[in-house]
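To keep things simple, chains are lettered A, B, C and D as they appear, and every chain counts its residues starting from 1.
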Amino acid sequence: MLTARGTERKTYRAEAFSDAVLAVAITLPVVELRAPKPVPGQSLAQQYAALGPDYATYGLTFLVIGIYWGYSHFSGKLWEKTDHVFNLLTLLFLACVSVTPFPTRPLVEHFNDPANVHTAALVYAAGLTAPSVAWTLRWLYGVRRGLLGEHIAPDYVRAVTVKYVASMALCLTGLAVTAFVSWRVGLAIVGLVTLQFLLPPMAPRYKPGEEPESEVQEADERM
Amino acid sequence: MLTARGTERKTYRAEAFSDAVLAVAITLPVVELRAPKPVPGQSLAQQYAALGPDYATYGLTFLVIGIYWGYSHFSGKLWEKTDHVFNLLTLLFLACVSVTPFPTRPLVEHFNDPANVHTAALVYAAGLTAPSVAWTLRWLYGVRRGLLGEHIAPDYVRAVTVKYVASMALCLTGLAVTAFVSWRVGLAIVGLVTLQFLLPPMAPRYKPGEEPESEVQEADERM
Amino acid sequence: MLTARGTERKTYRAEAFSDAVLAVAITLPVVELRAPKPVPGQSLAQQYAALGPDYATYGLTFLVIGIYWGYSHFSGKLWEKTDHVFNLLTLLFLACVSVTPFPTRPLVEHFNDPANVHTAALVYAAGLTAPSVAWTLRWLYGVRRGLLGEHIAPDYVRAVTVKYVASMALCLTGLAVTAFVSWRVGLAIVGLVTLQFLLPPMAPRYKPGEEPESEVQEADERM
Amino acid sequence: MLTARGTERKTYRAEAFSDAVLAVAITLPVVELRAPKPVPGQSLAQQYAALGPDYATYGLTFLVIGIYWGYSHFSGKLWEKTDHVFNLLTLLFLACVSVTPFPTRPLVEHFNDPANVHTAALVYAAGLTAPSVAWTLRWLYGVRRGLLGEHIAPDYVRAVTVKYVASMALCLTGLAVTAFVSWRVGLAIVGLVTLQFLLPPMAPRYKPGEEPESEVQEADERM
């Protein structure tokens, strides 16, 4: 009863749930984008300009959640199945991503406020580090439990593992730097690590003779 | 016209709807997680600290809805079809789960308020009991109506039925204890019953000779 | 260019979009269900009791949107394809359903307010009539355009058409009665027509020799 | 690492994510549609009437997002696969569409306010132009990268490309006219370009001998 054996399913349903959570999380911040309400003695143009931090917050939020969706979309190609514990780790990852919009606005608002920018940067760096940790834990569990397609080349799995663990380590380092050395440097580290996920992921490599029949064949279609 | 015959469909569409509702329900509480707004004379760190109950509320809410999603994801492997009445019971279950975030915050806020903690605990215990009741009713209807995969071993169905009915009975007992005996003990019962659903579900057993072709074959793929 | 020819697709994607809109619409009203905030001099129990109209509103809203989802889930079994105009009618239907929560609360609040209950009832009756009209228009367009599975018996299509047109006519009659005769009678008519959709839909009938291979075979799986 | 090769997947998952974002975006504005709260000395009918701009805003928002969903639903029939960069362009498109509700309300509110209507019209025109630009960039990238079904006739692809580029150019022209010449004329241009997407899209044409087996066969089902 303490093993996840027997709870395996193909990935499409867990992937759809994950996509739905990310879709809601990426769209919800629009609610914060209130249209300017008529203010006496202020032109609409001034009111729109005053919403600058809101634009910046929304854009940043969309970027971060979008990056994570892009990566989870790609990695859905590699997973062959899911199980109960993998689902729980997916939930942990989604909880971390969903909270991302939360510390974005204080960072934007306090960026030029010396008294508080350190706090704002620290919480924001933690907010970017958390999904990276959850993502890497999920990857490691899935690899160990044999949830990846069996036709994927072991050296590719190792390369991706190195990349994810290194990204997580860099984020944690950036978080420590933010806390104890310099919030500018620390935030730059965490931010750059996150932004590099905008670049296309490494193209999968397959075991000789087990290449998929086409470039779009999914791991869970081979069974 | 008073029977659901002829309304059967495969489960994937109802499952997708259910997942979408849970995805919205699990993500919506983020809206309550307002970023701290600048307050004169208060540092950002103090403002973040003041949001402690919000963190706790969000975490607890995510945990409970996540648990229910995990279980409904697993059980989707067992159902072969759905019908109109089963859909209505699914809706009842979803309504109960969606309301879960509602009584969480008062419980967190009144935890050290002797005058009101009993009320807060009672409503919270009811909020955890309701999905358990709806879930069990849905299971019982589906079993009786023959909506499970026919290849699943009867003794496995019986074991799961016992587990769900017992969980429901324990929740109802916990609710009564919360109301009439001790909110601490009652809440502990209801909470532990809910938390045990974090553990992996019992691995399905199949009729001899009717085992699925692979560990990820869905009940509705056999037809 | 003014015909929808060439825009046909299988229904599963439009159905998934429709389900997602309904999932959001049915879950969003939870946002209105604010947890009681500590009020000086009031016990938590009193605060919960004061939220009575909120419970009633949420329950009523969930019921109405749930009914429409149940029906659209069933009817997804019958449609074989969709086209651009059918999609626009689906959007009209979804817009009407999404607005349903809007007039629910005023009706609950003004139920015992003789000065305004007539207005509240009229808007609510209109809110229940609109989806019924959109639903029927969509059905009629789909039938005429040949979007239903070709194996469905013509007399079944006629029977369903009669049922939907009659329901729409009854809703419009109820709306007129609410406006000009008695809001109690009018609302009762519109409410009962809506509630009867809780009953299982008529089981589909098929052309002789074209029965589906199993009770869960979808219309768009025959092609 | 700077190419998207190896990240291709079938379109159904990216399409589902896109649909989910649009479903949330089209339903979220309902939250702004607050039911009238009892105001002393005002009848409920007056309160409903005062919500006129809210109705108009909601209707307009639903129309615009609905139009874009209709088009993205149709075009899903043509795409055979997606890749990482195509996903990022999809995200850009979704971000633009999600923001659409934002400038709608100020336009409705300031329509008869000569001092500010120009600003309101300009932001609204920009709000309609942005999705059109993102949509066209996504189309151009997908065509160049070979993501369309290979059986689609080149002259059809050219005709659609001309249509999308022309629509984008007209929107940008309308935006310039709004800014520098006349907001009425500019807004009319942008609005009409957007509204023409309500008309059914051009029926696809196929290479001779490569016609799909049925009118609902998807591009990604041929592989």
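Everything below uses one rule, namely that a contact is a pair of C-beta atoms (placed from the backbone, for glycine too) under 8 Å apart; a residue touches a chain by one contact, two chains touch by 3 or more.
The model shown is predicted, which means the values in this text are computed figures rather than measured ones.
Student: Shared interface numbers for chain A and chain B above half of all numbers used, same, or below, different?
Tutor: Chain A and chain B contact each other through largely non-matching residue numbers.
Student: Of all the other chains, whose mean CA position lies farthest from chain A?
Tutor: Between chain A and the rest, the longest centre separation is with C.
Student: Report the inter-centroid distance (CA atoms only) between chain A and chain C in whole Å.
Tutor: Centre-to-centre distance between chain A and chain C: 36 Å.
Student: Where the CA atoms of chain C average out and where those of chain D average out, how many Å apart are those spots?
Tutor: The computed centroid separation for chain C versus chain D comes out at 26 Å.
Student: For chain B, what residues touch not just one other chain but two or more?
Tutor: Within chain B, the residues that touch at least two other chains are 16, 20, 23-24, 28, 31.
Student: What residues of chain D sit close enough to touch chain A in their complex?
Tutor: Residue list for chain D touching chain A: 1-10, 13-14, 16-17, 20-21, 23-25, 28, 31, 80-81, 83-85, 87-88, 91, 94-95, 98-99, 101-106, 109-110, 115-116, 119-120, 123, 220, 223.
Student: Spell out the part of chain B that touches chain A in their complex, as residue ranges.
Tutor: 12, 15-16, 19-20, 22-24, 26-28, 30-31, 33, 35-36, 38, 43-45, 48, 58-59, 62, 66, 69-70, 73-74, 76-77, 198-204, 214-216, 218
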